[in-house]
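Here's the structure we're looking at; comments come further down.
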Amino acid sequence: MKFPILIINFKSYKEAAGPRAVEIAKAAERAAKELGVNIAVAPNHFELALVAQSVEIPVYAQGVDVESAGAYTAHTALENVKEVGASGVILNHSEAPLRLNDLGRFIPKARALGLDVVTCAPDPRTSLAAAALGPSAVAVEPPELIGTGKAVSKYKPETVVETVQLVSKHFPDVAVITGAGIESGEDVEAALRLGTKGVLLASAAVKAKNHYQKIMELAKPLVR
Amino acid sequence: MKFPILIINFKSYKEAAGPRAVEIAKAAERAAKELGVNIAVAPNHFELALVAQSVEIPVYAQGVDVESAGAYTAHTALENVKEVGASGVILNHSEAPLRLNDLGRFIPKARALGLDVVTCAPDPRTSLAAAALGPSAVAVEPPELIGTGKAVSKYKPETVVETVQLVSKHFPDVAVITGAGIESGEDVEAALRLGTKGVLLASAAVKAKNHYQKIMELAKPLVR
Amino acid sequence: MKFPILIINFKSYKEAAGPRAVEIAKAAERAAKELGVNIAVAPNHFELALVAQSVEIPVYAQGVDVESAGAYTAHTALENVKEVGASGVILNHSEAPLRLNDLGRFIPKARALGLDVVTCAPDPRTSLAAAALGPSAVAVEPPELIGTGKAVSKYKPETVVETVQLVSKHFPDVAVITGAGIESGEDVEAALRLGTKGVLLASAAVKAKNHYQKIMELAKPLVR
Amino acid sequence: MKFPILIINFKSYKEAAGPRAVEIAKAAERAAKELGVNIAVAPNHFELALVAQSVEIPVYAQGVDVESAGAYTAHTALENVKEVGASGVILNHSEAPLRLNDLGRFIPKARALGLDVVTCAPDPRTSLAAAALGPSAVAVEPPELIGTGKAVSKYKPETVVETVQLVSKHFPDVAVITGAGIESGEDVEAALRLGTKGVLLASAAVKAKNHYQKIMELAKPLVR
């Protein structure tokens, strides 16, 4: 997984459903190429294969339910994230929380499959626990700020700083990124200044009138 | 929803992941057209949009987590089933059981969206309860036979017959189909002879060496 | 199960924790004896055995997780409801919703154990589905009124009436009771007048300053 | 929390249901007093209040569902563990796995309430993650050995040793205990020799013909 990175989570937004998922992913791809920065997109489950075959930037699953492919109706499998051509997975988003013991199996398995693994957590101590399991990155996201437009990097900078300190002390191989309420390039810049290696965001990009322009704004602070 | 129908559930099988999902769906489409019968495919979540834009036969989601599109990371939304161009949904498969109260909201909402709704249940009485909620069809599937190759239509005919009787007595507008262990055209024929209006199956079609040939065999009993 | 009945749900209220659960249960027992009516209490899991051995009126579990006793840490078993001396179980309360297929197994098993079974549901159609599974009673409780003090019998009488009609048409052996927002004897009386055979309530009794007095008021309409 | 400790988990065993829970707890209390060692009992939810008021040794809840007391039908609340007079809680037993984010809130809250907190985990790395959240102790329990009679201390000593090393390196304030398959005093002794500070067991004590004798055998290795 390459850093710094901007990860765009499409959630289950109607604005990113069906062919619109491909449009947003292509806007992100164009911005990534022009700026020479790392941008990954995380389409909804329904569009994962479609988007993975449409763009060359990293495509992440928003989560998984089980490790192996098989007789699991209506479940998403880690193994199939790879099969459809995606290159990473977000685990434990606050809207899709996972059991500790499942994370303890999913994270090593995902790494063994060569997938990027971003594990979300709501606070510094839980981020430390997530980091202990060996993901590529932990994304600290205070749930009370998600979707509010109040950027974590401005409203809870101490949460971000404490997470960076705790994780880098115990598990220096695990990157720390952040998210929640990120709306502007300025918010992204603030997040990087706090010591993170990237940002996870959703509505700011997905609901923008002009996806390409907005993603350009959000990704510019990643240019060194 | 048109009957009699053959519904092919791709589960999370590796054999139906990524581009292979489109291949199997196209084989089903070809068989449906040649025989002039109703065949629907239910790809895994990851391939739903991809398959829905690739074939003209009915495409069903294997399940959903929430009713509305929105800020639901790693969730599948009923509303988005429609957005991606699919035309139906399977609910309460024994591998993805749902809460009664969720079914009580999902089924009417799905019907209001114009989607076909197949609700699975393990036995006659639970099928009756499912039918009370107004789906297009209930699929009675004894879980102990799923994936065994022992066809419900041969090994538990009394379960099928009792379900047909109970449901048609109380809720005659709801069709009864069946599944579990269905491996051959003969099994499908037996199911229809017991009074059902179709069959839900998975591995027999998905794991066949020649998808087209196998689906032709399985679908032939639907020709009147 | 005897009707008409007043069922008092202690939820996880602090006001009904530990020895206070026994006090409230004894107040209910005293009221039941004086009025000669049926009152059941449903203490929290933590107090079930304690209350069951302290009073002679029916004691119900608030729910269960599994059917059989066994190696299930932190689970509540239907079989043990009986073992501790309780005589019934509430299933599918909107705060503890169950899967349709679990209800399909729990309800017949509970009846086979000789337990009273009250199954909750949020609306008429879901109540009909619950009734199809053969409980002693269904309790229709619109979740939006629970805990509001706006009695279902006054604010949603049509929901109650429609449930009574639907259930008695298809499954006349299943009693219909109701709940949500019930605060006074008047609310209970209104519920009975709508054709129900009882009421399920919680805070009105549990949080009363004088439990005995309040329960007397709530139970009086049950006297014929 | 005092160490070394023997914790007896009653699970949902019929052999420990109702008044039998009190009998086993009293046998444990007698053994604890005679040997002068720490023994805690974890009765099923249904007997928690009953046992807590019957013995003076530590009584632990087998788990909890929510943090606060309140309108949570059929849920167990951390706050009420305290209210009923219990002194600790087991979290994340492999039979009742919890979400990482819930553990991240429950553990600090339980410590703030003055409760002992034992958090289970299946392997060294997941134990490290659990330890990061600050419980009194982590109990490493390979799920494949639970209930087998093959003691973790004999069949997977390397798992125990690795957990002790990892946890003591990063979080030295957190004790490591172990469990799974522990059947005899010898197994307990082996566990202590591997560097743990205690043992969590279930059937060996609960299903013994003579509870007092068996608990004496199991607890003797704790005498210094």
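Here the chain labels run A, B, C and D in written order, and each chain numbers its own residues starting at 1.
Note that in this section a contact is a pair of C-beta atoms (placed from the backbone, for glycine too) under 8 Å apart; a residue touches a chain by one contact, two chains touch by 3 or more.
Per UniProt, the chains are A, B, C, D = Triosephosphate isomerase.
Not measured: the values here are computed from a predicted model.
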(request) Leaving chain C out, group the remaining chains by who still touches whom. (result) one piece
(message) Farthest chain from chain A, going by the mean of C-alpha atoms per chain?
(response) C
(request) Could you tell me the distance, in whole angstrom, between the mean C-alpha positions of chain C and chain D? (result) 33
(message) Report the inter-centroid distance (CA atoms only) between chain B and chain D in whole Å.
(response) 45
(message) Nearest whole angstrom, what separates the Cα centre of chain B from the Cα centre of chain C?
(response) 37
(request) Name the residues of chain D that each touch 2 or more other chains. (result) 94
(request) Based on the touch definition given at the start, go ahead and assign the chain network to line, ring, star, complete or other. (result) ring
(message) For this structure, enumerate the chain pairs that meet the touch criterion.
(response) A-B, A-D, B-C, C-D
(request) Using the touch rule from the top, collect the residues of chain B that touch chain C in their complex. (result) 92, 94, 97-104, 108, 121-123, 125-126, 128-130, 132-134, 170
(request) Flag every residue of chain B that touches chain A in the complex, lowest number first. (result) 9, 11-14, 17-19, 21, 44-50, 53, 61-63, 66, 69-77, 79-81, 83-85, 90, 93-96, 146-147, 202-203
